[in-house]
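One chain, subunit A, appears in both complexes that follow, with subunit B as partner in the first and subunit C in the second.
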Partner chain A sequence: MKSNGVEILLVEDSEEDMDLTLHALQRGKVANRIFVVRDGEEALDFLFCRGEYSERSIELPPKLVLLDLKLPKVDGMEVLKIIKADARTKTIPVVILTSSKEERDLVSGYDLGANSFIQKPVDFEQFRETIKNVGLYWLVINQPPVLEPSRLIGADHDKR
Partner chain B sequence: MINAERVIPPFGELRILHVEDNAMDAELVAQSLRKAGFLLSVSVVQTEFEFEKQLRENPPDLVLVDYNLPQWQGMEALEVLRRQGSDIPLILVSGALGDMTAVECIKRGVTDYVLKDGLARLPEAIRRALRERSIVLLRRQAERDLAVKAEELARSNADLERFAYIASHDLQEPLRMVAAYTQLIAERYRGQLDDKADKYIAYACEGAVRMQTLIQDLLAYSRVGRLGAKLVPVSCEAAMDEVLIILGPAIRESGSIVTYSPLPTVLAEASQMTQIFQNFIANAIKFHGELPPIISVGAERAGDDWLFSVSDNGIGIPPESVETIFIVFQRLHTRTEYPGNGIGLAICKKVIERNGGKIWVESPPGEGSTFKFTLPVYVPEAEMKPDKTASRAVPVS
Partner chain C sequence: MNREIGISARAQTELNRLNAELERRTKQRTEDLETALRERTRAQAVALRLAAAVQSSDDAIVSQTLDGTITAWNPGAEKLFGYAESEMLGGYTKRLLPEGRAAEYSVVIDRIRRGEHVEHFETVRLRKDGKQIDVSVTMSAIRDVGGTVIGVSKISRDITKRKRAEEALRDSEARFQTIANGIQQLVWMADSSGSIFWYNQRWYEYTGTTAEQTDGWGWQMVYDPKILPAVLEGWKTAVANGTPFDMESPLRGADGKFRSFLTRAMPLRNAQGEVVHWLATNTDITDLKRAEERRAQLAQELARQAKELADSRSELETQTLMLQSVLDSMAEGLVATDAEGKFVIWNPAADRILGMASAPIAFDLMSSHYGLYLPDQVTPLPADQLPIVRALRGEVSTTELVVRNPSLKDGTWIEVSASPLRDKAGTVRGGVAAFRDINDRKSAERKIRELNDQLELHVAERTAQLQTAIKELESFSYSVSHDLRAPLRHIAGFSKMLVEEYGANLDSGAQHYLDRIQSGTHKMGLLIDELLNLARVGRHALNRQSTALNPIIADIISILKPDFEDRSVKWMIDELPPAQCDPVLVKQIFQNLLANALKFTRGCQEACIQVSCTRRKEDGQLVFMVRDNGVGFSIKFADKLFGVFQRLHRSDDFEGTGIGLATVQLIAHKHGGKAWAEGEVDKGAAFFFTLEAAKTVEGMAQLSAVGGTI
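Showing the complex of A and B:
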């Protein structure tokens, strides 16, 4: 899949979960352009257009990042923190998908600037419905900010 | 007796530390005690230094003290004992003291006072002192044992709860996969295999969904109070109103009549009262009898507690089950008779007990059932001023 023009970036390490989420999105006819990365580091490479994603343009960010919290290499919270701390990426909506309802995660997720925090419903039907609604809301209903090119010039470079 | 402190066995050797400057008197005392049947080992000391040394090296069962000593004040022996945190009984064996002095000594903690020319009374005084002390020691030991047991119990309960939480939390994730993928298989391949396959897949789906409910119930149960949320004043009337909305469809469908008399404000976690009233009332609707359910909720003051009651005219509870219905996953009926997992009342019990109350059920045959529970009366700080009466302390907000 071409990594430019991606609408949804799904960051998910569990294959089962990935398949379910893709199934739910496709079935909800939400997005055709979904790109999946399997760990936190790859997610950052993708978003900051480095490594194997260096041909991507940072000016064409995905419309939505679906972020799992338990991730190898760089964990979800850290990914969120980095996305939200950088002027070039901080306006990308990040929706945290988690299986836990731990209040700690919830609070710190919002502290770090998560746009939404969703516990994956245990019930399969509800899960499909939720994922569909998330996609519809952020891709169709939500009006993203228009990035002015000037804001990108001289923006913080990735400090990592 | 497993105890650092010695309790005198009835016929054991009695170790006496005798503070006495007159060797003759000391001997007389010892003789009178031997005559009375005591097996003795006596150390006689005259100074504070010797006294402390003996206390340390050869701890006695009993201290006898002469009030008048040339080198030392007899009563100071008591101070030494107190300083060391010891409660070894101390009996004054002395020449005549004024009544005032004797009373003063007893007040300060001397166990007894025996005149040197009344030594015949000494054996009984000693026996009584030792008896009292052994009772104190036994009680103290029992209290210590109890505290240890209570601590062990609290720890094992906490472990169990943590286990239930972790187990149910971690089981949920893989089970979500089982449930989701069996449902996907059911959707995609229905009618493409044979009838048996469709049936088996349906069974697998149902099993997975039922297990999910069980796990979620267990999680809900183990979450009660787990997060240590703050207790806040909660209006039980507001909670009931909420319940009437939540259960509105079920109430209408069953033709139930639900009423409540004035209810107090109590301390609870924000949604707890709603949850327990909801559980009680949903149960009352579910276990209805021939007639439409009539459910009434009330509360009356009983000392420092509110006594709540939730009565219905349903099928009631057989006497042998009035205790077990509060246990997690205990059900009196088969799932086909009445759906449910048996978690509702267990949660009610846990909430109420954690908030300092008790719960039970009364169910005379043929008269429905009445769930009763207590919760401590909540006294708002602003109402605790002396000019307010206690009965005004519980406003219904």
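Showing the complex of A and C:
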């Protein structure tokens, strides 16, 4: 099942940004299993294993969600809120990717429990570096919380 | 026979010669004896005369041997000392010496022994009756035929009386001095020529002079030179005529101030009527004179007041008439009561405004009688809140009331001003109340209130519109942030990927164009970031607090480090005082100014960047400065520096967006301060800013300058 065993879920509506982000992640050799969804609703369906993703197991969440804020249907902030409000998903690290440095985004993003907040730099070199670092930190360096350890580790490793 | 005859003849001759010799001798002898007899007789006569003189002398004449044994004692001695001759002859002189005089006696005797003559030696002797007497003794030595001193002859005279007279004189003199020094007057004495030879102590105390200064004619120094000639003339005339001198004149005291004195000098005459001395007094009459002046003033004042009283009485009558006509013609109602609350004034306007005439009613009933209500128009005015009652309590009041009674059915608004009437001592003697119809004002007020309400409504509407506009602007900058940056990032990203992945296949022209695309997107990215930053600063709520600036600057320098690692930069950061400012915004100021300073010193051998702060003299404000030794700028563009997108350098020379200094100015303005710059081409630039509103003189000057341009 291609939607299981995902390491990074990228939520991005802009095709260009998607391409650039994927490029950066691949070039940085951060992860191979990246799944892209193009709007907020799809992201929620994926995470909560609904609709198109109903065969997915909620016990195999992605290790990291890279979330754009400006999304069609359900916007990024709403998606964040829902992820952080549900006990099954709230431990998934969510890194917000945005063009905006606006403070209100910063403040409410952290309020809702975003784990990190990254402004996409105009400079591609910088962007690449940032994406690489974020991926490395959340996938490799950061230890996932000890909450429900048996569920987080398991089949995921086997499928890698 | 012949021989016999011869012998006999010779014998006869011899005999004759012998006889003759005898005769001569006898005669001689007789003459001698007669002379001796005569001399003795004369000596006896002298001795007798002397003895008589000694016997009859009033002085005590006593002889004694050197060891003190008395050998002669005349009646004078008996009279003086009280001892008879029989008692004293053979006795000792020491009986006459009072206790303590022995030493003095032996000194004197020693002088006699040496052959000296002692004259008028004054001492004291003891009489037989035990009384001591003052004596003057003259002593001389008694010598034997060989000239050896063998005794003393003493003549003693009783000088008790003289002594007493002297003492009496001394006592009298002392008494005079005591009196003269004790009295309040200045006293002096002059000789017959008018030359002063004595002053009492008071004179010296008052004038502060010394005897050397004022003796004789020296006293002139205490007179005012202007009046001195008159004084001198008067005094000389008095002396010349022997007539009393009497004059009032000021004398200078030790403190340099003049006081008025009455000088009186009287001549003292001897038995012959000649002037011997002048005795004079100076009496201080300053207080007396003042009292007299005061009395004269009081009399004058009294006369003036009497006249004023008479004048004011007629004036009062005139005024009363005037007051009456004023009261009658006033548009305002005016009433006044005495301390008991009895109305003493009630003018026609009061009748008109209240719609009723004055009536002798108690305060308790006044509200209901005249129909007085509180501004709610229904509560009758309580008696203790009647303006006139409050005035009688000593209160000053201004009250709005409604009057509604049968004459004023629609009711009338009045404003009453009341105050107590006090006498000079401040005691309330009555009360006065003035009142006027304020119906017009009330309706005007109502209108103003309505207009105000409308205005507030307008303001609220306009505020809401403005807030909407601000929101729109905010969402615009949000959009700019999101929507302009995203395509830019794409252009940058894909062109980069193009270079990386297909660069090898492209010719140099294509490579060059791709470079241009890259640098263009980079610049535009910076521009958008800074514009957003400026917008954010504008929205930022000022959070003023005491802020230590040095740590902020150190922080910025460490952030900027990568920009100057390979350059020589000399930082001169003064110890800055804490400032009352928003730390986030002020950090932005320093960041922009220091980054600028680094940028524009890029070409310098050694960049020198200085940060300092001075306290401006005119208003005590802190003025911060960031100075560099870079390329500087022409002073004629100094004003343009702070405008958005204003740049003075080609971007090929110095990159930048032209927004940094606009941000600095905006932050200074947000704090109430301002930013300005000084510089010269190639001589460096200095940027200044303040973080408080301009105060005092400069503030006023700025305000008036602004007013002038409008």
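The rule is simple: the second predicted complex is superposed on the first by the 145 of 160 C-alpha atoms of A that agree within 3 Å, B and C clash if a C-alpha of one lies under 4 Å from a C-alpha of the other, contacts with A are read in each partner's own complex, and residues count from 1 in each chain.
Throughout what follows, a residue touches a chain if its C-beta (ideal position, glycine included) is under 8 Å from a C-beta of that chain, and two chains touch if they have at least 3 such contacts.
These figures come from a predicted structure and were not determined experimentally.
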Subunit C versus subunit B on the shared subunit A, clash or fit after superposition: clash
Which of subunit B and subunit C A:F127 touches, first, second, both or neither: both
Partner with the higher number of touched subunit A residues, subunit C or subunit B: C
First (subunit B), second (subunit C), both or neither touched by A:T98: second
Overlapping contact positions on subunit A, where the subunit C interface meets the subunit B interface: 16-17, 20, 23, 99-100, 103, 120, 122-125, 127
Subunit A to subunit B touching residues, read off their complex: 16-17, 20, 23, 99-100, 103, 120, 122-125, 127
Of all residues in subunit B, those that touch subunit A in their complex: 169, 172-173, 175-177, 179-181, 183-184, 209, 212, 216, 227
Touching residues (chain side subunit A, partner subunit C) in the complex: 14, 16-17, 19-20, 23, 70, 98-103, 120-125, 127
Residue ranges of subunit C in contact with subunit A within the complex: 477-478, 481-483, 485-490, 492-494, 496-497, 521-522, 524-525, 528-529, 532, 536
